[in-house]
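Given below, in the form of C-alpha cells, are the structures.
One chain, chain A, appears in both complexes that follow, with chain B as partner in the first and chain C in the second.
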Partner chain A sequence: MKSPSPTTAAGRPSGRIRRHLPLSPWLFAAPGLIVVGAFSLYPFFSTLVNSFTDRRTLVPGSFVGLANFRELLHDEMFWTGLRNSVLYVVGVVPALVILPLLLAMLVQRHIPGITFFRSAFYTPVVASIVVVGLIWVWMLDDRGLVNAVLEAVGIGKVGFLSDQWLLLGSAMTVTVWKGLGYYMIIYLAALANVPRELHEAASVDGAGVVRRFFTVTVPAIRSTMVLVAALSSVSAFKVFSEVYLMAGPSGGPAGEDTTLVMLVQRVGTGLSGRVGYASAISVVIFVVTVGLMLLVLRADRKEDA
Partner chain B sequence: MSFLKTTDAEGRRVPGWQLVLRYVLLLAVLALTVGPFLWQLSTSLKGPNEDIFSSPPKFFPSDPTLDNYSRVAETIPVWDYALNSLKVASANVVTNCVGSALAGYALARLRYRGRRAATLTFILAMLVPVEGIIIAQFTTMRDLGLNNTLLGVLLPGSVGAMNVLLMRNAFLNLPVEIEEAAFVDGANVWQRFLRIALPSVRGTLAVVAIFAFMGSWDDFLWPLIVLSDPENFTLTIGLNYLHGTFANDERLVAAGTIIAVLPLIILFAGLQRFFFRGVGEGAVKG
Partner chain C sequence: MHIPRRAVAAAAVLATVLPLSACGGGSGADSSDASGKVEGKITFQTWNLQANFKDYFNGVIADFEKKYPGTEVKWVDRPGEGYADKISADAAGGTLPDVVNVSPDLVAPLAKAGLALDLDKAAPKYRKEYLDGAWKSHQIPGTEGTYAFPWYLNTGPMFYNKRLFKDAGLDPQKPPTTYDEVFADGLKLAEKSHGKVATLANVPTIEDFGRYGGQLMNKEGTGFAFNDAKGVELLTHYKELYDAKGLDSQALTATPESSGHKFLTESVAMNPGSALDLANFKKQAPSLYKNIGITDQVSSTGKANMYVMGVMVNAQSKRKPAAVAFAHYVTDATRQMEFAKQVAIFPSTAGSLDDPYFTKEDGTDVTRVRVAAAKSLKTAVNYTPVLFSEQMKTELRNQIAKALQGKQSPKEALDNAVKACDRLLQQS
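For the complex of A and B:
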C-alpha cells in the first residue's frame, strides 16, 4: 500500500519561505495543540496517575501504590471482562481479515452495476453502531426475523440474546457485519496494485483460481492483510457498543458478557464512580492494545524472514 | 454495453457462467448487508393492527403507515435529539476543518523551532485509544463544568489528531514553488494559506468534513458518559434510552433507528467517492 511519505523532496519546505512573524506558526497550530493536549494527552497521563490512587468522582483520593492492580488480580469481573475482550479478538479478527478480502475480489471486476454493489456493501459502515445494534437486536429477538425463518424451516428457536455464549457470538457477528465494507475498500485498493502479469503467468502455468489466490494474491497483499489484522484486533479488544446494546448495560446473564471497556464505563462513571480503579483497568487496556500491535507487526516480520 | 459482451478492466471477455455466478453471489451479499435495514424500514411502516411477529415473516407491510414516526416523537423528543445531534455534528465539522487545516499548514509549511515536537504531539495523540481515557476525559469535563452539555460532547473530538496529520500530508504534497512565488510577490503567510494552499487541498478537506460529521453523528460511548440529563441527549443516546425503556414496541424503535440512519445514507449516496477516499487515507495513517 502506498504510504504518502512525509518528507518527499517536493514537499520539504524550501529555505526561501521562512519569513513570517515569529508567533504565527504557533497561532496556526494552537487550536489543534490545545484540544489534543487537553482532551487526549492530559487525560492519558492523568489516567496513568489516577491508576495509583483511590480517587472517586467526588473524592480527590490519595496515593495507594499498586493497590488497584492487586485488587484487579482478585476481581472476578475483571477476569470476565478480559476473557471476553480477548475472545472478541480471537473471534472477530480472522473473519475480518478473510471475508472482506473475498468480498473485494467479488466486486473487483468492472461488471455492470458493480458501483451500486460496492456502495450497498458499505452501507453498514455508514450507520451508527447504535442503529446497527438495535437492528440486530430486533432481527435476533426470540420473535424476530431470524428465529421466524429458523422456525419456518423446522430448526426451531435459538436464544441468540439470552444465552451467554450465543450473545457474545451474536455481537461478534454484528461487528464483522458492520466492518466488512470498510475493510473491503482497503483490500480493493491493495488488489488494484497486484500486477496483472503475475496472475497471467500463473494461469499459463496451469494454476487454478484457488491456487492463484494462495500463490499470487495473498503474497502480493500480505502487508495489507497485516494492516487489517492490526486495525481490527485493536478495535475488537476495545469493543463496547455492540455488547452493551445487545446484552444490556449489565452485560448479559449475571454480567458474564461484560467486556473490559464496559467495565471501565460501569466502574468509573456516575457520582460514586471509582476513578482510580477504572483507570487501572484502562492501563491494562493500553498495555494490551500496544501488545497486540507489536504482536501483529512481529508476525509480519517473521514471515518476511 | 450489452450484458453478454461484458469485459473486464483489461478488455478481456468474462465468460458467461462466471458472470452469472458473480451476480448470484453479489445478490446474496446484498441481501445480507442491506436486507436488515429494509426489514427495519418495513417494521417501522407496519401499523398497530398488523402482526410484526408473523411466521412466516411478511416483508411488505399490508397497510403501510407513518404512524410510528409520530408516535415515537410522542414517546421521546426524537426531533430535539436529532437537532442536538445535528448541532454537535455541524460544529464538529467546522472545528475539525478549521483546526486541522491551520495546524496541518503550520506543520507542513512553516519553519519554526518545535515543529518536530508539535508533529510528535499529534502523532502521540492519535495513538491514544479513546476508550482508555474516557474516565479521565469525564473528570476533565467535570472540572471544566461542561458535563451534561453539548459543548462537552463536542470538545474532545473537535480537532482530531488524525485529521491534522491528513491535512499536513495534503499540504506537503503541494508543490512549494507557487507559494514561493506568492511570497516573492509580497503575500503574507495568511494570504498564502488562504488563497493558495487551502483551495488546493479541498479534496482532503472534504474527507475531513465528512468523517467529522459521520463520527459525531454516530458516536455512542462518549455522549453516553458525558450526558446524563435526557433533555440534552443526542440521537444515539436517545435511541438507547428508547430501547431500554420502551423495548416492547419494536415498531417505535424501528422508526427511531430509521430517523437516525436516513440522513447518513443520503449523505453517503451523494458523496460516495469522499467516503471511500477517507477509508484509504485513514487506514494508511491510522
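For the complex of A and C:
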C-alpha cells in the first residue's frame, strides 16, 4: 500500500497540512511560552514599571518618574550593598574559576576509590544552603570549633561573625566551598574532551606538568572557564543566603555586610514594603548583572582575536 | 511565521503599560457594617499554632459551628517564619482570610489599607469584655478605631545564671532588676571573668528604651522621640558595657535565637525569656537548669513590657457577621482561659487574671513564673509602638551598632535612627 505523502512533488506541504502549519509551531511552543511569560517576562516588566512608581505592598502607588533612582544615589545602604556585592564577585569568582579546575584535574585520574572523593566533593552542592550556613555559623562562633582550635594553638579567638570584613570573607568561603563541586563537574566534562595526544606530544617535547597545564589544558578548556566565570559572577553578585544566614537579617554589624539582594528583601517585603524602591534596586542589579556577562564575553572575544 | 514588527511593538507596550494600570487609588467604601445572620463558610488563619494546639482549635471550631448552625470554619495555620510576608501576599492578592491572627504592628498597615475591620464601629458591644489596655493595643495613632480583638498576652521573666553571678562575687539571690543595676553588675561580671562572661547577648531594642523611661513617640503619634535624654543615657551605658566586654561580642548581629543559644551555653549571664523556656533549659542544658535564677523583667519604670496578640476581621470579608462572631468567640473569656491552661499565655479578658490559676503558687518554678508574670501584666505596657515596622527595627539596630562600635556618638546614632524611622513613617 502506498503511504500518503505529506508533501507534493515540488516539496511543498499538502493543502491540509499547509492550512494548519502557521499556527502549529506556536501551539507546540505555547506551554513553554506561557510559563516564560508568566514567571519571567511579566515579573520582569512589572518590576521595571514598579521601579518608576512609589508602590508599596498594600498601596498601588503612582508614577514618580526617576525619583526612586535619584533616592538610590543618596542612600548610604545602597552604596554599602553595591560595594559588598562587587566585593563578593571580586573575592569569589577567581576562586571558583581556578579551584574547581584544580580539583577536577585531581579527581580526573583513575585511581582506586576516586569515585568516593568525587561524590564527597559534590556533596555540599546538594546540601541545603540553610543547613550548610548554620553549620558554618556554629563552627565560626566565638565558642565554635574553629575558634577552639585557634585558641588551642595559641592564636586566640578571631571574630569571624562579629567583624564586618571577616564576616563577609566567611560568607565568601562558604560560597566557594559550596560551589566547588558544581563547577568541578563542569570542568570534568570539559577535561574529558581535551585530546590526550596533545598532552603526550607536549610531554615528548619535554613540557612538565605546570607547562602542560598552561599550554595544553587551559587553552583547550578556555571557553568552559569563561562559562564558569560568567555563571559564578552572576550568582556572586546576587548573593543572599550565605550572607543572610551568617550576618543575620540586619546584615552584619550596623548592616555593613548587606548585599544588594538583601537590601531588596529588606526594603521591599513586609506589610510596609516599598515595592517601587525595591524594584529600582532590582533594576540596578539586572543592569549590573547583564554588564558583568557582557564584560566576561567581551574578554573571551578579545582572547579569541 | 512572520510577525509584524508593529504587533511586537504593541505587545511590548501592552506588557509595559498593563501592570501600570494596576496603580491607582484604593477603595474608600465604608466596610464596617457587620450586622446580619451568622452563617456561611469563613477562613481562620493562625500564626504557628497548629503543631502544638491542633486539638484545642479543632474543639473551638466544632463548638462554634454547633453554636451557630450553618457556619463552617476552615482553619489554616502559617509558620512563624515569614508570617508577615504571607499576610502581605494575601492582602495584596485579595486573598486575606476572613479572620486573621495578628500582632499590633501587623494590624497598622492593614488598617491603613482598609483591610482591617474597625471593631469600635462593627462590634462595640464586646469592648467591655476585655482589659482596657489590651483593647487599646490595636488602636493606631493618627487614626480612629480599634482593628483587632485582643487575644492572649505575654510577658516574660528575666532568667539569670546563678553560678556566673556567684563566680563574679555577686549575690545570686539579688539579681539586678533595673537597668542601672544591670550595668553595674555587668561591668563587675566582665571584670571578674576577664571579659569571658557577658551579661547580655543583644543590643537594646525599642522596648528597652521604653522600659528605661524614655519617650518613644510624640503625643500625636506622628514622629518618634526615642532620641531624648533618657534614650541617649541608655545607649551610653550600653556602650560602656560593650567596651568592657559586658555585652557579648556577637551582640551586634544577634537574633533572639542566637541570644538564647549564648545563654544555654553559659557564655552570657542574663537573658529574657518565657515560662516555656524552663522545659527547654531542663532538656538541653541540665547544668544551666541547676543554676537557673528567675527574676522580673529589667525595668526602670516599674512596669514590664507585654506582648499582645490579636484576632483581626478582614474588612473585605463576604461573611462579616460570621467572621466577627468567630473572632469574638476565639477571644472570649472562656476560650482564652482554656487556651491559657494549654500553654504559658495570659488572657486579655477582664477579670481573668484574678482566677486562682494565675494567683496561687504550688511551689513549682512553673507556677512561680506564671503568678509573677500575671501580676506584672496588670500594670504592664506594650512598649512596642504599633507603627514601628520591621524596617524601622533594622534602622534602629544598625544605628545602635554604629554607636557601640564608636563610629558615632550615642546622640548622633539615635538622631539618625529617629530621622530614618520618621522618614519610613511618612512613607507608610
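Note that the second predicted complex is superposed on the first by the 269 of 305 C-alpha atoms of A that agree within 3 Å, B and C clash if a C-alpha of one lies under 4 Å from a C-alpha of the other, contacts with A are read in each partner's own complex, and residues count from 1 in each chain.
In this section, contacts are C-beta pairs under 8 Å (C-beta built on N, C-alpha and C of every residue); 3 or more make two chains touch, one makes a residue touch a chain.
None of these values were measured; they are calculated from a predicted model.
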Open item on the list: After superposing on the shared chain, does chain C or chain B touch more chain A residues?
Closed with: B
Open item on the list: Quick one: is A:His199 in contact with chain B, with chain C, with both, or with neither? Answer first, second, both or neither.
Closed with: neither
- [ ] Look at A:Gly159 in the shared chain and tell me whether it touches chain B only, chain C only, both, or neither; answer first, second, both or neither.
- [x] second
- [ ] Could you tell me if A:Thr57 is touching chain B, chain C, both of them or neither one (first, second, both, neither)?
- [x] both
Open item on the list: Tell me the contact category for A:Leu41 with respect to chain B and chain C: first, second, both or neither.
Closed with: both
Open item on the list: On the A-aligned overlay, A:Leu167 touches which partner chain: chain B = first, chain C = second, or both, or neither?
Closed with: second
TODO: Would you check which partner chain A:Ala189 touches, where first means chain B only, second means chain C only, and both and neither mean what they say?
DONE: first
- [ ] Please work out whether A:Arg212 is in contact with chain B alone, chain C alone, both, or neither, and reply first, second, both or neither.
- [x] neither
TODO: Look at A:Gly273 in the shared chain and tell me whether it touches chain B only, chain C only, both, or neither; answer first, second, both or neither.
DONE: both
TODO: Return first, second, both or neither, reflecting whether A:Pro253 touches chain B, chain C, both chains, or no partner chain.
DONE: second
Task: Contact residues common to both interfaces of chain A (with chain B and with chain C) - done: 22, 25-26, 41-42, 46, 50, 57, 141, 143, 248-249, 269, 273
Task: Partner chain B, residues of chain A touching it in the complex - done: 1-4, 6-8, 10-14, 16-22, 24-26, 28-29, 31-33, 35-44, 46-47, 50, 57, 103, 106-107, 109-112, 117, 119-124, 126-131, 134-139, 141, 143, 145, 148-149, 151-152, 177, 180-182, 185-186, 189, 196, 227, 231, 234, 238, 240-241, 245, 248-249, 261, 264-265, 268-269, 273, 275, 278-279, 282-283, 285-286, 289
Task: Complex interface listing, chain B residues touching chain A - done: 1, 3, 6, 8-10, 14, 19, 22-23, 25-26, 29-30, 32-34, 36-37, 39-40, 43, 53-57, 95, 98-100, 102-103, 105-112, 115, 118, 121-122, 124-125, 128-129, 131-140, 142, 155-159, 161, 164, 168-169, 172-176, 179-180, 183, 188-190, 192-193, 214, 217-221, 224-225, 236, 239-240, 243-244, 250, 253-254, 256-257, 260-261, 264-265, 267-269, 272, 275-276, 279-280, 283-284, 286
Task: Complex interface listing, chain A residues touching chain C - done: 22, 25-26, 41-42, 45-46, 48-50, 53-63, 141-143, 159, 161-162, 167, 247-255, 266-267, 269-274
Task: Touching residues (chain side chain C, partner chain A) in the complex - done: 1, 15-17, 19-20, 22-26, 84-85, 87-88, 91-92, 106, 108-110, 112-113, 115, 248-250, 252-255, 258, 265, 267, 389-391, 394, 397-399, 401-402, 405, 407, 424, 427-428
